[in-house]
Every structure is written in structure tokens, then in C-alpha cells.
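Order of writing sets the labels: A, B and C. Residues in every chain begin at 1.
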Amino acid sequence: MSVAIEMDGGVPNLKARLRRAERLTKLKYIGLIIPLALFLLVTFLWPIGSLLYRAVANPEVIEALPRTTQALRGWDGETLPGDDVFDAFAGDLDGNRRSPVLAGAAKRLNMEEPGFRSVLINTARKLDRQPGQSAKDAILAVEPRWGDVSAWRLVARNGQLVTPFYILSALDLRITDDGAIVRAPDDQAIYVEILLRTLWMSVVVTALCMLLGYPLAYLLAQVSTGTGNLLMILVLLPFWTSVLVRVAAWIVLLQKEGPINKAMLALGLITEPLQLVFNRFGVYIAMVHILLPFVVLPLYAVMKSIKPAYVRAAISLGAPPFSAFWKIYFPLSLPGVGAGGLLVFILCMGYYITPALLGSPREQMASYFVAFYTNETINWGMAAALSAVLLSATMILYVIYARHFGPARANQITPR
Amino acid sequence: MSGFSLRWYEEFFGSTTWTDALKNSLIISPLATLLAVVLGTLAAIGLTRASFPGKALLVSILISPMVVPVVISGVAIYLFFSPLGLSGSYLGLVLAHAMLGVPFVITTVTATLQGFDFNLARAASSLGVGPVGAFFKVTLPIVGPGIVSGALFAFATSFDEVVVTLFLASPEQQTLPRKMFSGIRDNISPTIAAAATILVLLATALLLVLEWQRRRTEQMRGTAGSAVRPPRRGLLRRRMFEG
Amino acid sequence: MQTPKTLVILALALSTTAFVAARANAEELTVISFGGAVQKAQEKAYYEPFSKETGIKIVAGEYNGEQAKIKAMVDTKNVTWDVVELESAELYRGCEEGLYEQLDFAKIGDTKNFVPKAVSECGIGTFVWSTVLAYDADKLTTRPASWQDFWDVRKFPGKRGLRKGAKFTLEIALLADGVKPADVYTVLGTKEGVERAFAKLDQIKPNLQWWEAGAQPPQMLAAGDLVMSSAYNGRIATAQKEGKNLKIVWSGSIYDADHWAIPTGTPKQALAYKFIAFASSPGPQKVYSSEIAYGPTNLKAVEALDPKRVADLPTAPKNLEGAVASNTQFWVEHGEELEQRFNAWAAK
């Protein structure tokens, strides 16, 4: 390094140089992180950010009806808008009678008021202004709906570049004509229920995983290395096997004429084949199977680090075996319970493939609705809003996880 | 049920849709793995060596693709990549799969590096091989197993990935799991079972490689003695899977 | 000393550009259809002979009618699907939204040769199919004859299958509730009509199992998972050919046409036209309808078909008795709203 040549000596200078050299190395190492950080920025953070923006973005109506929305800015919202608005509206429609942009606006307005799609499209297609006729008369002649203040309120409301509509819908809320926020009608209110269902199913799966995983991890931690390795392979093999293979296997096993039903029939346990799949039961079984290693492994690691001497000491001091386990061993294994449990819970919340293949509509969780709105009704605003809700729930849990068990704290629960 | 035959394997290997899907998987997964390993390993080294404010937060962000519901990542990437011409392309899938694999590389490599004495690399570099030489001659052989484990995880993630592929891929990029997904939806034919068997064999192979790597690490620890500060057995494994 | 890293990046860049380039150069045409038995028949009738004749490779993809990918491609002018098979409502809506090219029929054939409903602004009908009530005659001693029987849980205990979605499900509910085929869409056009349909569905909700892919109903019927199901008639006919004793109830069936359309802005428009023209000609259509029991749209193909085959088609006069013609305009207008409502209803 060129710095080394200036030799005017002195301790402070040396210190400074040392510091500078250290800073340089530090920068070099930070430099190593930058490619990944940039990569994730482009493939992950930015996409998610722009998805979340779609939850409030509202460009459709402004794009299709720029002059109308501009003219409506000055409107009082109480009486039918004046001729200037009708003129602007007729002008906007003239500009894009058959354009996809207009269809986009029609679709957007239709979301808030079913049936409005045809109102707008028909007006655009049929509007035919006779010489001398005012825009207002021509428009009202084609579509009397425009004589109603509420139609204009709908357009005016969507003359803003951002809208609370999607987020409110994702929380089963509606905004009324006069701006009040009310609950959605019962037959359409679904998302709060879906969110609660997602949480509840995650609770059940996590609890079942824990119930099965804790004794298993305990066994793994107690047996000799040879047996332990073998058992570990048995835990890991399914872990490495494709989720799709496991889901397919469960369908085959659990179906009406599958081996499980056949065996139970043959044993006389049941007289009619049971419905074991395409319902909640099938989804739980497969999810527990898939997620079990995620609790077993952290639990195992923590348990392996608990010195047998502690429990032995407790027993030798007179504690009965169960109470020695409960008072000494169990509290020591809690970090594993927390890490494994929270991890499984977080993963559960985002499950899509397993419920989609093994469940009925009543087993579908939040992810399904994100996919539904993305693919089937092409309502990307709604998909984004539901994503925002699901993502917030996940992130809250992830922050807890990262704080307590994550990489930053890893050393503290590293087995010593 | 009359005896066994290889008929369904013939059906699998005889049908272009299945072999194309396998081929696509074998193109996309290795490239995604490579990308994830290169970026992830560099970052892991940086993260282990540098300390700066907000590092814990950065680590949490870098490994968050693992916990963000994959449907959300899928939709987000899909809507973001489409205008860039990256949806319906191999490149788009490789990038997305690499993104999903990166957290596994970071966690496994960081775990191995925590047991690594960087003075060795410094010593080597002062003996005249330069920092890059030191990396390839000293650091890499020792942290190699961690990188291999991370790579296997990244590979398995990509090779089993359905959701992002569902959104992003065109029929030309139909991968094996994607094909299985629609196959399971339609009906579980014996061809699916044949495909499943292939995937199970692959899983077994991955697991065996990993197990072999682990044993080798333990042996190396014996011979290299002080070279690697003895990382406890459980640590490596826990950190690998904990993510 | 930078070589290895640079090499890796170089290799990555090279291989990926190679793939991108590969797509652009090869003479390929991506055709997306509904998969399963439909796709198999299309391969035999259209894709293979077309490739043989022209040397153009058909990349056959499948989907369940979701329009999102097409919209994303068209919006971003990065269209990789060249020809798409569509149900009528999606075609009309997509046409309105600019997702599909307005067709130049001069490049396809004389419109007089097609059944009238097959010709529209952005699409050409390729076959007529029907949603029918189907059951396994080996498993049922009393035979269902109508959608009323479908609702009769006492007489026919067990699960019933319907296609997951509002389209056709709501019509079926109204038919079961005694609405005359001719009045179905008038009733469904009112708020009360929609309530009535959902109320009717509520009656058998616990007994319903939803299917999505056309291959599912015949399989689930044969496996005994379902006692009866709505199904695409062609899939049932294919299963019959494979030796399953499945039966079709034609009365109360709902028929619709599927269409070929060209997503706006595909770089392979000329090839797409070539394919559509080929697939709309009588010879291939005849092969298609012999492979799967869907009615051809080319009148000359109808003439050329084996009369015995014609009896299996939704377009046979006998099968049209008591059948409902799907009302495309209704679904264009109400589709999004009713699908969302249906989805919310089903998930509860």
C-alpha cells in the first residue's frame, strides 16, 4: 500500500494509518455483500415494493378520462355536474371509444359498482352527438345513468391516483357514496375470515408438529450416535423429497379407494370408506408431514446441547424423573421450541400448494386468494392488498423470530 | 395390479412433455444454484468479516426470501419482470430461483465461516499468494463443505419450485415440478408415480452427498486440527436447517 | 486472478442469452389450450399434421382459461403465446380490452362455411362443447335424469362434483330450481335470481366437491369419489371409449363454443393465422371431432363426420333438446363480479 511510504513517524500517525487500513478492509468486506444486496434489490425488494404500491394505485380512470376527472375536481358532489364536465366526458370518450384503456376504466369502476362496466362501454360505443345537441343531452339519451349524481361521485372518487378501495376490501370494509366506511355485506365479507383461518390452521399445524416433533427430537438426542444418524436420515429423507411427490403420495394413500381406507374396511374398523382427503384432515396431515423436520431439527440441536449432567444432578438430588425433565430439561429446550414453532408457523402462513392440491375451497388460505385475484379475475390491486395484509402478519412474526432466534442472536443459543 | 413393468418409465421418457420438463429443470436449477452460490458465498464472507451498524437488520433482509410467502414473491416478481421481458424466459426463472436459494447459501456458509480462523487466510496471503489466491487455496477448501451444503439446498429449492414457476414460466419453460403440479390436479397417473420415483431417487442422492460431506468435514477437522476451530456438530446442522 | 468469477458470470450470461436467442430463431409456434384429452385430440388433429406439413414446431401449453398471463404479456408487449384457445366470455371481454387481435377472416377461410356463432370480432370458434350431468352406471342403480336429481341427496347419497366457478354453476342451480332453460339468463340477470341460485347451491353445499380440470370428473366418477358430476361431454365420451360405463344426461346441458384467438402483438402473427386457418379447415376438424366428442364449427366437417359420431356431439339435434346456450354477453358483463362472489361463497 502506498500509504506505507510516508515515514514521518510518530505513534498517532501509526494509529491513524492502522485505522485507515482497517477501514479499508472493512469496506472491502462490505463490498462483498453489495452484489447480493443489489441482486435481491432487483429480484425481491423492489418487486415486492411495487406490488405493495399496487394495493393503493388507481390509475385506470384518470388514464381513460383525463379531462373528465380534471373537470370534476371543482365539482361540489351534490348536484348534477355542469356542462363543462359533460363536454369533457364526451371529449374523453371520443378519444378512445374502443381502446383497452377505456375497458380498463370500465373494469375498475365495475369493481365498485357491479354493472357499471356496461354503462361506460355502452356510452362510449353508442354516443352519437347530433349537430346542435349539447353533450349532456346526447350522453343522457344514450345512458340515463349519467343523470344520477352517484354515477359522477363514483367517477370523481376514482379521479385520485391513490385509493383505499383495495385495502378496505381486503379488510371486508366498503366506502359508501358519502365517504363513510362500513362493513361489507355478509355474503361478500370473507377476507377477515380467511385471515383468521390462515392463522388458525397455522396454529393447529404448529401444535401438531410440536406434539410429534418434540418426542422425536428428544429420542434423537438421547440415542447412540449410530442409531441417531440412522434416525436422522429417516427424518431428512422426506425433507429432501419434493413436496409434490409427498402431496401426490398422500392423495394416493388417503383417497376413497386408497390403501388406508381399504385396510380399515378390511379390519372392520369402518363400514363405509371415509373422506380423508380434499378436506381439512388431508391438508393437516400433509402439512404436518412436510413441516415436521423444521421443528425437529432446531429442537434436536438445542437438546443435543443440554448436558445430561443437569438432569442427572436433579435426579440425584431427589427429583422424580418427570419433574426433573419438566423443571430442568424442558426449560432448557425452550429456545428450540420457540425457534422451531415460530418457523413452522411462519412457513404455514404462506402455504399454497398443499391446500390447493389437497383441500376444498374451505381449506384455502390467504395465499390462494392472492393467486386467485392475480390469475383468474386479473384484479391485481386486490391481489396486492391481500398480499399486504398477509405480508404484514408474516413480517411481525419474522421480526419476533429474528430478534429472538435469528442470525443476529445465533451465538447466544449456540450449544456450548 | 399384475406384476411389475417399466412401462410407465417408458411413458415418462418417451413423452416429450415430460422429458422437456426434466430438461428445463436441469437447465434452470444448476444455473440458479450457481448464481445463488456465487452471490451468497461472497456476501457470507463479507457478513462474517465486517461489522457495521444495521448488520443484523441487513442479514434479516437478505434471508427474508425464505419467509415471505412464496405466492407473494411469485406475484411480485411476475408483475415486475413482465415489463422487463423477463417473464416467460429462462433468465427470469433463473434469477427468481436464485433469489429463493440465496438465503440457504448465506445461512450454511455463514455457519461454516463462524468456525473458520481467518488468520490462516491472512497468513497465506502474506506468504505471497495474494488475497484471491488465499481464498482459493486456503479458505475455499475449508469452507467448501458449507458451500456444497448451501448449493444442495439452493438446488433442491429450485428443483422443487412450483409457485414462482407457475406465475413466471411459459410452456417452453415448463419444469418437472410444474408439470407434476398440473398432473396431480388432472389425475394421478402412473406416469406421475414414475416421475415421483425419479425425484425420490434424486432426494436420496442429495442426502447421501450431504451426509458424505458432513463426515468428510468431521474427518478434516481431525487432520487439520487447529486449522478449524472445532464447530460443534449440532451447530452446523441446526444452522443449516433452522433457516 | 479474477478469472473464475468472471468466467462464471460470462458463462451464465452466455447460456441465458443462448436460450433467449433460441426462442427467437427457431420456427416455433406456442399454442395454449385447455390440456388433457382436449390437448391430446388437438395434437393428433392439428399440431402433428400442421408440423408435418409446414415444418413448424408447435409448443403446446395448457391452462385453465386464466387471462392474467395474457394480459401481462400484452400490457408489456412481450407476447410469447401465439395462439390461445378461449371460452366465449373470455374472448369477448378480452377483445374489448384489447388482449386479442381483430381477426382478418380473409386469412382464415370463408365465414359462410362456419356455424354463425363461431365467427366473432377477435376469434374463430373451433369446437362446440357442452357441460353435462354425468354418472357411473356401474355404481348407480337408479339413474338420475335431471339437475333436480342432482340435488336429491336422499335418493342419491354421496358427493357431487361441479366445476369450480360461477359460470355454468349458477345456471345449473337455477335449472335445478325449476327455471326453464329459456329463462335462465333473465332470472340470473336480477339480484333476486343470483340470490336464488346461491340459496339453491347452499342446499347441497356439504355434498359438493369442486373440480377444475376437465380430466377430473370422469376419473372421480370412476373411482367412486363422486356419485354424479357436471362434466365436459367430450371427456366423458373419451372415458366411455376407454371402457368406463359412464353416462351422460343431455337434458339441461349447457353448451358453448371454444375459440382460437391471437394475443395482441405476437411477433408470429402470420404463423398464427396459418395455424388457425389449418385448424379451422374441414379435414383436421373432422379428425378432432372423431378423437373427442366435441362438435366441429366448420359446416363441411360436420357433413364429413360419421353419423354415428354425430349422435355423441353436443350439436346433435337430439342432444340439444332442453339444452341451454351459454349467454356470452351475460358473462362478459357479470363474470368478474359473480366469480368473486362465488369464490367468497365457496370458501366459507
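Convention: contacts are C-beta pairs under 8 Å (C-beta built on N, C-alpha and C of every residue); 3 or more make two chains touch, one makes a residue touch a chain.
Please read these numbers as outputs of a predicted model, since none were measured by experiment.
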Legend entry - Identity of the most central chain, Cα criterion: A
Legend entry - Comparison of A-B and B-C (more C-beta pairs in contact): A-B
Legend entry - From chain C, the most remote chain by mean C-alpha position: B
Legend entry - Distance from chain C to chain A - Cα centre to Cα centre, in angstrom: 31
Legend entry - Gap in Å, rounded to a whole number, between the CA centres of chain C and chain B: 38
Inset, instruction - Between chain A and chain B, tell me the centre distance in angstrom, where each centre is the average of that chain's C-alpha atoms. - result: 23
Legend entry - Overlap residues in chain A, where contacts from two or more other chains coincide: 374-375
Inset, instruction - Mark out which residues of chain B touch at least two other chains, giving numbers and ranges. - result: 78-79, 185
Legend entry - chain A-touching residues of chain C, taken from the complex the two chains share: 66-69, 71, 96-99, 159, 164, 198, 209-210, 223-225, 333-334, 336-337, 339-341, 343-348
Inset, instruction - Flag every residue of chain A that touches chain B in the complex, lowest number first. - result: 25-26, 29-33, 35-37, 39-40, 43-48, 50-51, 54, 233, 236-237, 239-245, 247-249, 251-252, 293-294, 297-298, 300-302, 304-305, 339, 343, 346-347, 349-350, 352-353, 357, 366-368, 370-371, 374-375, 380, 383-384, 387, 390-391, 394, 398-399, 401-402, 405-408, 410, 414-415
Inset, instruction - Note which residues of chain C are touching chain B in the complex, please. - result: 1-2, 4-5, 8-9, 12, 15-16, 19-20, 23, 30, 32, 35-36, 59-62, 72-73, 75-76, 78, 80-81, 212-213, 215-216, 219
Legend entry - Touch list for chain B against partner chain C, complex: 17, 27, 31, 34-35, 38, 78-79, 82-85, 87-91, 94, 130, 132-133, 136, 170-172, 174, 182, 185-187
Inset, instruction - Within their complex, state which residues of chain B touch chain A. - result: 39-40, 42-43, 45-47, 49-52, 55-56, 58-65, 67-73, 75-81, 95-96, 98-99, 102, 106-107, 110, 156, 159-160, 162-163, 166-167, 177, 180-181, 184-185, 188, 192-193, 196, 199-200, 203-204, 206-207, 211, 232-235, 237-242
